[in-house]
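The letters A, B, C and D name the chains in turn, as written, and every chain counts its residues from 1.
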Amino acid sequence: MNVLETKNVNYRYPDGTPALEDVNFSAAQGKMVALLGPNGAGKSTLFLHFNGILRPSAGTVMVENVPLTYDKKSIMKVRQKVGIVFQNPDDQLFAPTVEEDVAFGPLNVGLDQDEVERRVAESLERVGMAGFEKKPPHHLSGGQKKRVAIAGILAMSPEIMVLDEPTSGLDPKGASRILHLLHKLNQEGMTIVISTHDVDLVPLYASQVYIISEGHIIKEGTPQDVFSDEETIRNANLRLPRIAHLMEILQKKDELPFEKPYPLTIGEARKKLLKEFDE
Amino acid sequence: MNVLETKNVNYRYPDGTPALEDVNFSAAQGKMVALLGPNGAGKSTLFLHFNGILRPSAGTVMVENVPLTYDKKSIMKVRQKVGIVFQNPDDQLFAPTVEEDVAFGPLNVGLDQDEVERRVAESLERVGMAGFEKKPPHHLSGGQKKRVAIAGILAMSPEIMVLDEPTSGLDPKGASRILHLLHKLNQEGMTIVISTHDVDLVPLYASQVYIISEGHIIKEGTPQDVFSDEETIRNANLRLPRIAHLMEILQKKDELPFEKPYPLTIGEARKKLLKEFDE
Amino acid sequence: MHIMEGFLPWQWCLVWYIISIPVVAYGVIQIKKITDENPESKPLLAVSGAFMFVLSSLKLPSVTGSCSHPTGSGLGAVLFGPAVASVMAAIVLVFQALLLAHGGLTTLGANIFSMGIVGPVVAWLIYKGVKNAGGSPLLGIFLAAALADLLTYVTTALQLSLAFPVPTFTVAFTNFMWIFAVTQIPLAIAEGLLTVVIFDYIMKL
Amino acid sequence: MHSMFENTLDNYAHSNGLRETNTLFKVIFAIATMLVSLASTSPIVPLLITLVISFLLIFQAKIPWKFYLKFLAVPFFFGFLTFIFMALFFGVGAHILDLGIFNLAVTQDGFNRGLLLFSRVLGGFTCMAFLALTIPMTELFSELERFKIPQIVMELAMLMYRYIFLFLDEGINMYHAQETRLGYSSLKKSFKSMGMLGSNLFIRTWIKGEQAHIAMESRCYDGSIKTMKEPESMRTIGARNLVLLTLFEVGLVIGLYFTGNFTLF
């Protein structure tokens, strides 16, 4: 079942410039879906449609197979189901302490004090930020802020978590912690949608990839499908994952017998190379 | 000759926490030097010492073998020699148009009208932003803002260009444009210092690498030297370049005959693999 | 409450320009003094001005369902004093006219007088007054922001009645005051509350 | 897109059909016409100005007419209310219409004054819209140098212009993040959310101010921001345009003279 879906979504900025054109995107229950595209392709604009912050100029957004209606009550329900973690955690953390920040969503939902406290504690525990309750967010590192921002969404118990560039600006360790966390949440059944332009990371985690360029979805499929079309990838200002690029060069320039699909991850390349060496 | 050097530089924040301890860093004339470290290791703090914005609590900063003195006149001279491009271009671009922003430095140096215009035109040409003179920065993309920020420094004709995380937040195409530009400037003789935590990019361009962690330089050497010490790399919250990681796994787990130093780039890996296949 | 372009007869446009310019000029001298002593205060003043603009482009929720924009003059005056705040308000008003089409250019003098001079002066006097009387700073900020807001509207009513004293100044003024009282008192309270909430968080952050 | 924030006109100013027309020409045209409208004693000339400028904006500057009409609705509605208000409460002369309730009546001088005000608001507003929609702020700055505005004011204004857009962006992002977590779902929550947004934005602006200063110092900032521009000379407007401009304004003034006593009643 697709828990999140857009059908021919179009969006124009107030001055008339088109931002999204006929976007068909869907995320199946329990999957991790990646939206890959260069800066300015429309990733963030599309995400803001998922919980009704933006309203399409044409087309429909569906959450759990129900088309969004934009009255206040239904919008509130949708926002509880679809949680968005914004790219820059500084835009998202606004309370004086970590604890108050994570409590912001649950309090707005109207939960009682005990339940709010329980959720705050649990979410901070999940993201590995227990013990930071009383700290002011601006004293945290980039990776820590990101994790608190995720906790703030977790605390609302969404069905779908949407993350805009979750690893941007983080060092390798920080990025890998976030991805492990998302992987764990996904394993536990949460549907996850991430946008990124980090092509080396996508194949490790995503089961479905969309490529967006200038407001159009120009490719979709499994990571293998998508990255086997180098031309589309490069036209969208992206590149192959480094491992795949190495294999591509070995095949094309050196005529080594690596057939497509090229391995995308270190693990896949290892298998492929071992096979070649054994032969 | 070292055009830029720090000798046992220590720096404490106003509240007393140490930010840098006994940092010895040097950049030789005409080289490209990378300062590699996780978020919060002290990279930006060290950079602000290079042009005298911060003053070390102990130790000396030397530019062209002359220790910095902090009177107004000498500091102005140092700032003409050492240009810093900040991580977030929004921190750096303040003027209403591209042209006025790039002209800011040259005008401060006291150049005459014609010379300023010549330099603005030339710098924008160099970074590929000619034609954007009258645009306000808020109409530019992230990569374009970055290039304008670089033009603003280029226009001051510095001897050394220092860039804090020049590729952070950029998509693959944007990042690669910036690195090509820096490579070209370096080829033409400019000394370049960059900080980054992108380990896949560093080996492609840098001739000398420093690793900084928690305010200490914990390793220095050529990219090969530095990345052959996996333990230090991982302790500093970093990782091996993906290509090197693949080779490491092939050697350690699969006992393929790849000796250290592992290849760091696609080009090096290609050579090594071809050699193996031929044998 | 901005007086819209074209609303005031030219004679009154001139009068309010003549009254406002010396005050703003005095503020400019003050700013010049501050920035000469302290070059880093220049970017700080600029970002604060930009903040005032952004704050004023927020639509304030209000009970009556109508929306209005916080004037921010209370905040500006408490932070920088009335003279500096009046210059910032003048620049913000020009930007509002040219970037949002709020207010006007011929009515700029009148708008500067009500929003950039009366507002900040009232806010500053009340804030100081409450502080000297030993009142809580938050109460001071609430009263300063709310009353600055309210007196700005009263000034606008005064300006309009002077321009259109029909049948008499008093009757016109009473008419304008009635309209404003109904619509603006809730908004003044809203601005006061918002300013308090903002200050409260700033203190905690 | 950003329901809570005003949309600025900056995008239009930077990309409209009259973008390349001489800036000084546009400025003089708009200001002169605005003053003529202001000086009118009858509604004819201001309404004529409204038509001419609206025509220029829609057909020459290529401002989307849908947007323009929505944009014009504000002064129209405001002007219309004023008209009603003036007609009913601000008259002393003969009654031209008795409403029959509350003793309300439309008076002759009230009606005329209301109509005049309505037309002057529209005339003045469209002139201002012409400035705002066809001239980027960045180019107005260099024209403003002409008016001998103190250097410090110009510097502050230029810096402010840049930061306004930066903070609007950040404010909008924060607002969306708050909406995502159900802020603004009631009046009380709105105040709380907006207070958080305002205070965070404030703190951020100060951090930004400090960072800007460091970045400026790195480029040898010595306390004054110098500009390399010189205002355009009148000659750049071109003889043909100058003649056109003069003819148009003189025509309007003559119109003023002949229609000065015109009233509907």
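The rule is simple: a residue touches a chain if its C-beta (ideal position, glycine included) is under 8 Å from a C-beta of that chain, and two chains touch if they have at least 3 such contacts.
What you are looking at is a predicted structure, and each value in this text was computed from that prediction instead of being measured.
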Two candidates, A-C and C-D; the one with more touching C-beta pairs is C-D
Cα centroid separation, chain B vs chain C, in Å, comes to 46
Distance in whole angstrom between the CA centres of chain A and chain C is 44
Chain A to chain B, mean C-alpha position gap in Å, rounds to 29
The distance between the C-alpha centres of chain C and chain D, rounded to whole Å, is 18
In chain B, the residues touching two or more other chains are 94
Touching two or more other chains in chain D are residues 10, 137, 159, 161-163, 166, 196, 199-200, 203, 208, 212, 216, 221-222
The positions of chain C in contact with two or more other chains are 43, 201, 205
Contacting chain pairs, sorted by label, are A-B, A-C, A-D, B-D, C-D
Within the complex, chain A is touched by chain D residues 1, 7, 11-12, 64, 67, 170, 173-174, 176-183, 185, 189, 196-197, 199-200, 203-204
Chain A residues touching chain B in their complex are 37-40, 141-143, 168-174, 176, 197, 199-200, 237-239, 241-243, 245-246, 249-250, 253-254, 256, 266, 269-270, 273-274, 276-277
So, in the complex, the side of chain A touching chain C is made of residues 96, 136, 138
The chain C residues in contact with chain D across the complex are 4-7, 9-10, 13, 28, 31-32, 35-36, 39-40, 42-51, 53-55, 57-61, 63, 69, 87-88, 91-92, 94-95, 97-102, 104-106, 164, 166-167, 172, 175, 190, 193-194, 196-202, 205
So, in the complex, the side of chain D touching chain B is made of residues 10, 14, 136-139, 141, 158-159, 161-163, 165-166, 169, 208, 211-212, 214-222, 225-229
